[in-house]
Amino acid sequence: MAKVGAPEKLITKDGLRLDGRRLDEPRPVKLEVGILKRADGSAYIEQGRNKILAAVYGPRELHPRHLQKPDTALVRCRYNMSPFSVPERRRPGPDRRTIEISKVAREAFEQAIFAEHYPRAGIDIFIEVLEADAGTRCAGITAASLALADAGIPMKDLVSAIAVGKIDGQVVLDLTGIEDNYGQTDMPVAMMPRRNEITLLQMDGHFTSEEFEQALELAIKGCKILYEKQREALKTKYGGP
Amino acid sequence: MADIIAEIKKDYIYSLAEKDMRVDGRSLDQYRPISLETGKMGRAQGSAIVKIGNTQVIVGTKLEIGEPFPDTPNEGVLTVNAELVPLASPTFEPGPPDENAIELARVVDRGIRESDAIKLDNLCLIEGEKVWVTFVDIHVIDHDGNLIDASALGAISALLNTRLPATKVEGKEIVIEEGETVPLPVVQKPVACTFAKINGKLMLDPSLDEEHIMETRVTVTTDADGNIRAMQKGIAGYLTKEELIKAVQIARERSQELRKFL
Amino acid sequence: MAKVGAPEKLITKDGLRLDGRRLDEPRPVKLEVGILKRADGSAYIEQGRNKILAAVYGPRELHPRHLQKPDTALVRCRYNMSPFSVPERRRPGPDRRTIEISKVAREAFEQAIFAEHYPRAGIDIFIEVLEADAGTRCAGITAASLALADAGIPMKDLVSAIAVGKIDGQVVLDLTGIEDNYGQTDMPVAMMPRRNEITLLQMDGHFTSEEFEQALELAIKGCKILYEKQREALKTKYGGP
Amino acid sequence: MADIIAEIKKDYIYSLAEKDMRVDGRSLDQYRPISLETGKMGRAQGSAIVKIGNTQVIVGTKLEIGEPFPDTPNEGVLTVNAELVPLASPTFEPGPPDENAIELARVVDRGIRESDAIKLDNLCLIEGEKVWVTFVDIHVIDHDGNLIDASALGAISALLNTRLPATKVEGKEIVIEEGETVPLPVVQKPVACTFAKINGKLMLDPSLDEEHIMETRVTVTTDADGNIRAMQKGIAGYLTKEELIKAVQIARERSQELRKFL
Amino acid sequence: MAKVGAPEKLITKDGLRLDGRRLDEPRPVKLEVGILKRADGSAYIEQGRNKILAAVYGPRELHPRHLQKPDTALVRCRYNMSPFSVPERRRPGPDRRTIEISKVAREAFEQAIFAEHYPRAGIDIFIEVLEADAGTRCAGITAASLALADAGIPMKDLVSAIAVGKIDGQVVLDLTGIEDNYGQTDMPVAMMPRRNEITLLQMDGHFTSEEFEQALELAIKGCKILYEKQREALKTKYGGP
Amino acid sequence: MADIIAEIKKDYIYSLAEKDMRVDGRSLDQYRPISLETGKMGRAQGSAIVKIGNTQVIVGTKLEIGEPFPDTPNEGVLTVNAELVPLASPTFEPGPPDENAIELARVVDRGIRESDAIKLDNLCLIEGEKVWVTFVDIHVIDHDGNLIDASALGAISALLNTRLPATKVEGKEIVIEEGETVPLPVVQKPVACTFAKINGKLMLDPSLDEEHIMETRVTVTTDADGNIRAMQKGIAGYLTKEELIKAVQIARERSQELRKFL
């Protein structure tokens, strides 16, 4: 499907991508922890052009009451995009895409959080995309993971996330918007890197089974890179060895 | 009481899983009995009634002339929608699609779209102005587990069953040629295979009892050539790299059985 | 009001209708009981081109709680049409027409169900139209009545329903879509045939008072025909003399 | 307490009913005092304020140029809407119309539409493109029973009171002739008569106290020639054939009284 | 900003306005108390072309329960316009403008009502605009104040309201629609006249600080005129010295 | 417990107010520290990040070609929207804007609109047909009091930062000149100053703690010439004539400080 305005190639002759990255190289990442006053925990991520805030409230009393669970906290997640985060102004409010992303992002954390420590409570994760350029769900999860830690929510491990994909027939790490639009495949992955437990995986496009295995390896490698950056950000905020 | 019964059921399914067995006697990578009827819905342009075990899904297609998206001016539009009507399960509520219905529709949609199942460029009538819009409406009527595979099978089957009116373009006017129809240009047969992970085992085509206690869920949509076109991990829990690779492998094999119904 | 595409006549010279029926003859009817697994009771009806499912859940605990009635069950009904049930795709969700039909269908059953046997409970009736060709509210009620019986809900009598109307100046039974669109009058009726209690009656169009009486007689006759078919369907499922 | 008072009221109404009597001294087939004023709402193209006893309804009409429906390309469009604003009753809630408001609007709508009260073909400006859309908005402001008859009387009265701008068609343009108006082409006077069935008796024009305890309800809309144009049984309960025939007979007679107000 | 259809002047050579009023003269006002049967209190106002109903329900049991306040009544207000109250048919239901007006009108009364006399209760104020010609929020508040009195709700004082504005560079009282559309400034004010407490003030347009003071004086004067009319209307209904 | 702490805080703020002092050491007519960054949001046509104390608001502008309103056929359209996203405060709920978000947006909107800050007639492309629609989206991300002033400052700042694509009109077509942009024609700098009334004292720029216990609130929006362009009393409570005049006077002075950031 040739689309309007497609670039001729996404990988140059010297094997680099349009923004100069190697195939297995993530975009530059900047992470900051604890940047909001009202939230119980918060973090900010810049990954390429992506600019995303995450905040956590809780454990706190859960309303309406009939949602309370007698033996565990209810984890909720809301992924939202600001109206000015995308090329065409976005109408405020959830749409089908953000509802699905909110669901899978929540599910990526349910495995990690010791929710059973807080029966009847609510733990709310908010991801606000301020500027978007592909991979926002992964970047949002990476930031939300830090916001959870900043809020003091006990977790088995941090959750780290990154997308892999296929462009010009090659498996690559961390697609940009242009690579996502004109490439063949996109596969966001989230995991707890120390435990090798994958808690989010979606994929669309085209992979042979060999490519899938290669991509999965690369995603795991990418998550581990993000994991180190997350730990650094926490150290910057909280110190430690 | 409900809790105790649920606990007993869970223990039973878990203990069977250790022996690679399932409550209804199936092997881990076996589907329940499947049936598929097409063309029964007389107001739809295409339709399919799918049963997988007791799960029943009706899919109907409708075609309308509409506008293309600005970035694909010479392609038709595909819209997939799922309704979990409260007739199908005591847990379904009336109202607009919730996150489960939306996820179901989007997983089915991606399977069709990403496998290029429909030649969307053949559905352009006047570039940038008029194209065929294909609505695929998934109507779940009995929910006994694994709605994704039943819906995906129903959707591609309904599309294969779809005929659209023959048209001529005269200037800027679309003239419908009365009574003449042509098949929808469907060129690929994506099929979804969904696994529940229970006690560490991957079980293909989970029943509702299995879904109630599964640790996590993963769907692999493949095309007829065995390529992967879409995947979705669902609900909480996790999968390892090895489990994912295994799921892909089983899906590539077992999807051929489903494809025989098409 | 001459409409686009109207047929010249709805009754032929030999006094038959476009589909060959006599004026007082219902369309072919097929009824099946107990066709869904999850519902507590269910039934399927084909009447002419109409294809309709009905299901019943309950008596069951009613949520939200403030709806519970201390001395009786709350009967609810939802009449819904699938997007592919009509010539133009229908947007999912209720509209003014389906809300009104849901109301009058519920009211057609409230008289029949021994709701007072189940204080605080809810009894939910769902009617799903899969293919529509006039008379769907009546056919839906006829099917829902069987679903209620299949669910074991105690009733004073089955509710049977059929529409009468006027086409080419003549009173006829069980209009098709084309007869409804180009005829003069439509009058859906539901009743408990053994008790001669009419629990639904709507009418629009034009009747003299004589025509109205004639139409009402015909509707009662039609309901009684449907009633026999309902009883047969229950016998097929549950046996009996 | 409320329940005990309700019970006492019910017993009283029932015992009177046995003697063909009513709480407010009316006979079974008698309306409460009726008043009707038209043209008071200066922003509406037509309006009526109807009182039946303490029940008060304001109906306003607005006309806009819009598109016809595809199957009636040379007819204007009629839209009837009812708002049960919470000012009118402690039981009305703010929010979009509920099933009662929708039923009310649809019963009034059918009375007007099915009696061909408005010559809709006179409201076509350019076939298939531009027609007058007539909005009839029913605003209930005091609910003391029998909203249907008050609303139906108000609706036809407001329509009879409606004047629309005179227009000329020049090519594909509609030119409004400033200041000149013509009456809306209303050619029939449908009127609704509603009965409560209480203790087996049919009571015309039920008050709110009567509505609270009625067994069922039926509305018969007739035209000036005594023909039946619309009917609606409402709420639970049942009617016999004989009761329906009687309701039709009374409605045909008593509607003439209502029609005197038009 | 010259607008389509603007009149040349809003104040004539002899210093009168288009409707013949002096600059500091309110429109003719007609007030009636107790005109609805079902409401606990009600009133009707005509002010120029404005025709507005107000009704009060309460103090009454408040639903849903979680809104109940342990030490005071909850005051709610809904300002609504009928579809036929404005030149173009208005779609039923709240919009941003009516939501804001409902908020500031409620706030204009919260100071006046002895809500603490009725813990856990609800007091509902409804304002229905039937015909609108500028100043409807003020006229609605003036009427609602009478409806509160008619409902027997204890208040520190009646709330009276009127708008001031600037047209053709002059500060004037009680704008009409045409003056509002083509004038420079609109400033609705509500107050408890005997206490000199201003409970609503909004303004948009252009005032120098001198003009603002002049306008505020005029608004207070206008409120006091309305106050006398309110008292007369209550006397007409309830008698008294 | 929460109540007791609230009570103690209130007493403390009240007793300080008597001495014209505030909890954070500010004078009554003093703002918290203010910072303002523009142009950081790369997908917006203009943007600003405003901090007043711990309160943080991001405003982004977007421009689209759309239709003018019928009564201003040769003017662009301005739309201001505010989202109180639940990330910003434990009291904000997901969902459509509530009355607080709507009031916030409308107060900011009036300040811009009524000061004629944007030359809307310069945003007309084809009279009566095509104009620039300017969306100003206020995204509150940390709520520590005085959202109005932060949002108003952010809005005018984002507008001043906005560049729109250069266009040519060729017949009825709008041709975007790729890569070339022109500044949005912003000609006035309205600024809002909000006061809390606490223990009878007017406190400029209330913090959240002050807002929790304030008796009433008033906002005065002035232009660079010291004229009043919009006002809004908020929440319950009252102001006297003298208090209002004083608020206007302080706003006229202090707004100049805010305007230095623009």
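As written, the chains take the letters A, B, C, D, E and F, and residue 1 is the first residue of each chain.
Note that in this section a contact is a pair of C-beta atoms (placed from the backbone, for glycine too) under 8 Å apart; a residue touches a chain by one contact, two chains touch by 3 or more.
Keep in mind the model is a prediction, meaning the values are calculated, not measured.
K.L.:
Quickly list, by label, the chains bordering both chain A and chain C.
P.N.:
Expected: B.
K.L.:
Hey, how far apart are chain A and chain E in touch steps, shortest way?
P.N.:
Counted as steps through touching chains, the separation is 2.
K.L.:
Please identify the chain with the largest separation between its CA centroid and the CA centroid of chain B.
P.N.:
Following the centroid criterion, the farthest chain would be E.
K.L.:
Comparing residue numbers, which of C-D, D-E or B-C shares more than half of the contact pairs of A-B?
P.N.:
Equivalent chain pair to A-B in C-D, D-E or B-C: C-D.
K.L.:
Determine the centre-to-centre distance between chain E and chain F, using the mean Cα coordinates as centres, and give it in whole Å.
P.N.:
Those two chain centres are 26 Å apart.
K.L.:
Could you put a whole-Å number on the gap between the CA centroids of chain C and chain E?
P.N.:
51
K.L.:
Approximately how many whole Å separate the CA-defined centres of chain B and chain F?
P.N.:
48
K.L.:
Indicate the whole-number Å distance between the mean C-alpha point of chain A and the mean C-alpha point of chain F.
P.N.:
Each chain reduced to its C-alpha mean, chain A and chain F end up 32 Å apart.
K.L.:
Can you list every residue of chain B that touches 2 or more other chains, as numbers and ranges?
P.N.:
97
K.L.:
Would you mind listing the residues of chain C that make contact with two or more other chains?
P.N.:
Residues of chain C never touch two or more of the other chains.
K.L.:
Draw the chains as points, connect those that touch, then say whether the picture is a line, ring, star, complete or other.
P.N.:
Topology of touching chains reads as a ring, each chain with two neighbours.
K.L.:
What residues on chain F touch chain A, complex-wise?
P.N.:
Listed in rising order, the residues are 40-44, 47, 54, 56, 58, 60-62, 64, 81, 83, 85-90, 94, 96-97, 135, 137, 139, 141-144.
K.L.:
Touching chain C in the complex: which residues of chain D?
P.N.:
Against chain C, the touching part of chain D is residues 71-73, 75, 97, 99, 102-103, 105-106, 110, 113-114, 116, 120-121, 218, 226-241, 244-245, 248-249, 252.
K.L.:
Help me check something: in the complex, which residues belonging to chain A touch chain B?
P.N.:
1, 3-5, 96-97, 99-100, 102-104, 107, 110-111, 187, 191-192, 195-209, 212-213, 216-217, 220
K.L.:
Which residues, counting only chain C, touch chain B once they are in their complex?
P.N.:
36-39, 42, 49, 51, 53-55, 57, 60, 78, 80, 82-89, 92-94, 124, 126, 128, 130-132
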